[in-house]
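As structure tokens, here come the structures.
Consider the two complexes below, in which subunit A is the common component and subunit B and subunit C are the respective partners.
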Partner chain A sequence: MLLNRLKAGGPAIAKQGILVAFILFMIVFSLMSDRFLTPDNVMSVFRQSAIIGVMALGVTIVVIGGNLDLSVGSMLSFATVLVVDLHDKVGPELAIPIMVLATLCLGAINGFLIGILRLNSLIVTLGMLSAIQGLVLIYSGGQNVDIVDQRGTWFAIFGRGSILGIAAPIIIFGLLAIIFHVIMTTTPFGRKVYAVGGNPTASVFSGIPRSRIVFTTYLISALCVAVAAIILGSRVMGSQNNVGQGYELQVLAAVILGGTSLLGGAGSILKTVLGVLMLAFIQNGLILMGQPYYTQWLVTWAVIIVAVWLDVAAKRGRLFSPIA
Partner chain B sequence: MNEKLEPALRLQGIVKTFPGVRALDGVDFEVMPGEVHALLGENGAGKSTLMKVLAGMYQPDEGQIIIGGQPVRMTTPIEAKAQGVVLIHQELSLVPEMSAAENIYLGELPLKSFGRVDWKTLFDRSNAILERLNCNFRGEVTVVNLSIANQQMVEIARALTVDARVAVFDEPTASLTDAEKVVLFEIINDLKARGVGIVYISHRMDEIFTLSDRITVLRDGSYRGTLTTAETNEDEVTRLMIGRSLDLSRDAATPTLGETVLEVRNLTCAPLFKDISFSVRAGEVVGFYGLVGAGRTEIAETLFGLRSADSGEILIDGAQVRIGSPPDAIALGISLVPENRKEQGLVLSMNCRDNMTLPQVQNLTNGPFVSSGAENAIFDKYRDKLEIKTPSWRQTVRVLSGGNQQKIVIGKWLSMQPRVLIVDEPTRGIDVGSKSEIHMLLRALAAQGYAVIVISSEMPEVLRVSDRIVAMYSGRIMREFTAELVTEDSLVQAISGIQVNEVA
Partner chain C sequence: MSNLTDITPLRWLMRNPIWGFVLLVFIFFSLMSDHFFDYRNFQNILVQTSTIGLIALGMTLVMINGNIDLSVGATLALAAAFAVDVQSWAMFATWGNWQILPAVCLALLVGLLMGAINGFIVWKTGVDAFIVTLGAMLGIRGLVFVYTGESSFYAMNFAYSDFSALSIGPLPVLAVIFLLCTLIVHLVLSRTVHGRNTYAVGGNREAAVNAAIRVGPHMMINFMIIGFLAALSGVLLSTQMGAATPNLGRDYELWVITAVVLGGTKLTGGKGDIIGTLGGVLAIGILRNGMNLMQVPAFYVYVILGSILIAVLFLDKRFNRTADGGLRL
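Right, the complex of A and B next:
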């Protein structure tokens, strides 16, 4: 039945699948918990999703360009530890730019190895995942870091501030999402990222500087991590050495849930936002229903696998197929 | 023995629908044992779908498949093979990292106890088949190390592991050189003599008229008729296929040649090509003819900045230039319509307009944003000019026919207003109707003052479009001909490396 509808509806319904699933989830959870759809709860889910969300924006662009970025988790640890540690040493007005530059350098290493030297992005970023974690431990000597004067610093506005009752992380996430959406859909750069991800060879044959485009996508990804680190550091006012551990998978989950193709060339920033929110609401809903922390992971990945399967099935017109 | 022969294979009233498309609409088709039956039709006419039904990859919605008088139902290619129906694919479907022998017996490797592969039997049998095909390699060699033509031979060898009743050849000569084609035709004739029914799918009329006994034509998924080859001609077949006559005459008007636009002097890139010198004038089509691997594509890639030459000079309008990358070439007005449309020419997942404007998207801006208006204007202009058939610019190019896809690539480069247009294998995998359109288009472009280079492995194509023909063999230019003086014989000699006495 479902398959026939998918077939009949063609790409239209397949494209909206994530939205449909999202609405279904919201209905089910709000029926099962009366606290789920309260403004307070919704706002707190939005706020909590902002860090994953900002990172997912950058990773979406990398993935559309035909690559992966698994290093964002430990890059977040690095950036947060750095900005928090420097905050008390040199003040926030210097700590932020230094951290952003340092994080961009890590992005540039990814970009150089993958874009210029054309190494496999899975291997490079997986390697960077543990290399950067090591770097964090060397830097901090294994000590967790804190900001001493938590009330007196303007650094607090990024994680704890709000404008017109809307929490700052939500505003930052929303603004960045709109900016990147506009970049990807309306600028020459966005078009080139889609082209390079869709067919790198044909892009080179069309005179597009493929290496430079891929390099830039990793810089964007690193920039997003830096912004996420500012929000995280500002909210917690301290950082553990491994604070970003596991974030790379959550980020990737949101990107996949948003329907961005891991093969590159297809995907959307706005749908990644939906993926991020859906992930956050599923986890929140399960907590409200009294499920322990680890069930989130079972449910999340089950949802993702079913989503990917339906997506593929809709494309080839049958649920099981011996030929792709 | 005058009893009526039973067809080796008969398809009756085959109907196959996909969402929104009736791909096959009551198609009848039969092959007698020992007959070569050509199946013709434009791209999208349903040939491939019909063959996939035959090979068990698709189930027909209606209709019957009758093999040796018995109705059969096949659900997998292996089952079809067990019924004696073997398919030689158009696109190579080999596992490159495995040996030729493993590929030949893929899915049905001979086994010993405990499911271990019986390597000795595997190699013995494979080598026997390869010998029958007069192949000069053995089953132990890894496929990735074989030339495309030899890979095609492995594909054919795969079909010979069973006693085939029916062998389907789907565009088998697409990547073969003329010499290799001869071998292939011998194999087909050998199979024919042993009573195998052959289905031969090709776009190339000359092959069909050389090989086939009967011709069946499909158009838009429906059966258009069966002709006896001996009693028909290309004209009749074409009319049946595209519903109109084809203008095959060459634009005989003497071109008005302008200045020399591109000149190449002693260009060398060892070991691909050596000491290449030629020039192209505005308003002229220069054809590059030679065997696959003669170095023609590599020269084009060098001119487009994808390779760097060891030595030699490239001059545009008489001035020496350095071309280090495709953007350099584009800036100098050199455009390349590459050999492989799907891999090099198009981003298949993108829409028609975005593909066409891709090389210049950086300049089509309004502030920081891409200007939709400017893009649409370009697309509309070249859609009309090249008669590209697509419902809308939003259509992804993946679903267009080969001819329309090629026109998108050509439109992409024409919109860059190039001085030199290099077209590599412009009609590979394109049906006869579109082929003729593209030939006329290339002539028309030259008439408008472009300097055009056409690289082709098809002699009729080169003869039809070129004002001059450069014949290459093994990385060297053997001879240059003018359209008036060229003969097929001398051309074949030149590309086979046969030196002729220089005429002073």
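Right, the complex of A and C next:
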């Protein structure tokens, strides 16, 4: 069987399943469309994936810490509406710090409820998803907001600017990915997040401040959402009050595709980047092939299940679950 | 559960605190709003509740079983689209009002099928239900958009949209269907082998396997039940609107999970019951209705519901430390 060969032939390859799948996808798509692997197209896919990508970085760290964050979508709506609305009222140099602080407060509420009070993260962030969506609507009065003077503001550089021909969102996403990768792989904080996610009880016995670590992971997640909101707001120069609706799923799909275990304790920032890019390339490839937009969701469904299935199968050493 | 009859109402309330909450908000809105305490408004609440309520019944089974289903909103939309679209297929053109029958049957079958797919994947691959149904939530929604071509369907046959206005005796027909389903699912859960095994699998899967309970089929049946109920809910919702939109049922999984958790069903499985879920569903229904009547902007409802959900979680944690058998979560 394929799986046994994989196990005997090279556990290294089985471990890099997501990378193999990614390369396979790229080859198939580039054979089917000659516009797929052009520099312009690749760059535009990178740019489009930046917003979900930045959010996925934060969620990856939360998930490695053994929790979930479903509130990032609502939080993105909140942060984008806030920064766009404040832009015309107090100017961008004040709007950005106010928005970042407000978003961090929401992250702190998540972190307090889940890290300090030890409540179930799925339900807490589900409740926050609803509560924050309500907050956005109350704040905006149900109106969409936009920036009046779109040409004359430096706020545009985050979404529309570029350095050396590379679009700003790509640079932000890339930089954050490298920073978080370094943090997670080389610092004590990173190791503690893995420890807390892998075995909470053992981590407490080894003197790791579990509550504080979990709290911090939610702050990081909120920070990532704030950065994503700056990119989104600057790119669109306006915001609907439900702009982030459903983002939590796309983000979680990318994180899961990257092989991060929902049980916590395992996962990697770089693989999440691969997951994000894979979803973005699937979306792009299907559109280039002339498929309806929503076909990508169908393909995502299959890809997620097959990817996680192979991952689970490789760990237990047999393809099908042994339960009767 | 079997000794419900020989405990006093007060102790029963202690065990089902959500019903205490239902009573509280009921009294509150009766005093605060002139229009709340009205028989026709009660009918309204039951009809409004039935959509979320039907799915919540299924979610209770799935969650007691130790799984979760995030794809119900998408399944609802798919079933509604089928129910409205199939009526106007040319092959049923001469059927008159009977053209509704194959449409509804097909819609319910689609729901069963979606549930079966979810259940089968969870059973055979061993991938966590959260991931499987998260994928299905995206995938089935994609299916809805591709099938409907991203536009709404309208029911041409008025008998279909008139159905929701019918009453059986004093109750609207939608409320009757909901209450009937509640009774059936309650009996399935509390009186049948399948119900008992559902608790067993959710409570301790290892032990259930050792006791020769076939874990997989039970999980699959529960997923099929929730798929069917989500489809039924979609059909009933589309009769109320006379139409099916591709965005129908968005965020319903959140409302449903909120209701079920409020009703005291444990996310980790093994605990919970339909009586609690009915309370949770009614609590949300009464809150939404009452705040509407008091002209609280709909935006605040989101904030209040989210806060209540978190507050319940918090109270439960405090409660359970001191006394077992309080709020079960």
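Throughout what follows, the second predicted complex is superposed on the first by the 318 of 324 C-alpha atoms of A that agree within 3 Å, B and C clash if a C-alpha of one lies under 4 Å from a C-alpha of the other, contacts with A are read in each partner's own complex, and residues count from 1 in each chain.
We take it that a residue touches a chain if its C-beta (ideal position, glycine included) is under 8 Å from a C-beta of that chain, and two chains touch if they have at least 3 such contacts.
If you're wondering where the values come from, they're calculated on a predicted model, not measured in any experiment.
A.B. asks: Is A:294 touching the first partner subunit B, the second partner subunit C, both, or neither of them?
C.D. replies: Only subunit C is touched by A:294; subunit B is not.
A.B. asks: For A:266, is the partner it touches subunit B (first), subunit C (second), both, or none of the two (neither)?
C.D. replies: Touch status of A:266: first partner only.
A.B. asks: Which of the two partners, first being subunit B and second being subunit C, lies in contact with A:305: first, second, both, or neither?
C.D. replies: second
A.B. asks: Would you check which partner chain A:134 touches, where first means subunit B only, second means subunit C only, and both and neither mean what they say?
C.D. replies: After superposition on chain A, A:134 lies in contact with subunit C alone.
A.B. asks: Is A:194 in contact with subunit B, with subunit C, with both, or with neither (first, second, both, neither)?
C.D. replies: So A:194 only meets subunit B here.
A.B. asks: Given the touch rule stated above, what does A:119 touch, subunit B (first), subunit C (second), both, or neither?
C.D. replies: After superposing on A, A:119 lies in contact with subunit C but is clear of subunit B.
A.B. asks: Spot which of subunit B and subunit C makes contact with more residues of subunit A, would you?
C.D. replies: Higher number of touched subunit A residues: C.
A.B. asks: Thinking of the overlay built on chain A, is A:208 touched by subunit B (first), by subunit C (second), by both, or by neither?
C.D. replies: Only subunit B; A:208 stays clear of subunit C.
A.B. asks: What is the contact status of A:101 with respect to subunit B (first) and subunit C (second): first, second, both, or neither?
C.D. replies: The answer is neither, since A:101 touches no partner chain.
A.B. asks: Residue by residue on subunit A, keep only those touching subunit B in one complex and subunit C in the other, then list them.
C.D. replies: 322-323
A.B. asks: Of all residues in subunit A, which touch subunit B in the complex?
C.D. replies: 7-8, 10, 182, 186-188, 191-192, 194-195, 198-199, 201-209, 265-266, 317, 322-323
A.B. asks: Which positions of subunit C touch subunit A when the two form their complex?
C.D. replies: Against subunit A, subunit C makes touches at 121, 123-128, 130-132, 134-143, 145-146, 150, 209, 214-216, 250-251, 254, 257-258, 261, 267, 297-310, 313-314, 317.
A.B. asks: Contact residues on subunit B for subunit A in the complex?
C.D. replies: Going by the criterion above, the answer is residues 18-20, 57, 76, 304, 306, 325-327, 329-330, 336, 338, 343-350, 354, 358-359, 361-362, 364-365, 368-370, 412.
A.B. asks: Which residues, counting only subunit A, touch subunit C once they are in their complex?
C.D. replies: Within the complex, subunit A touches subunit C at residues 113, 117-120, 122-124, 126-135, 137-138, 142, 245, 249-250, 252-253, 256, 262, 292-298, 300-302, 304-305, 308-309, 312-313, 316, 320-324.
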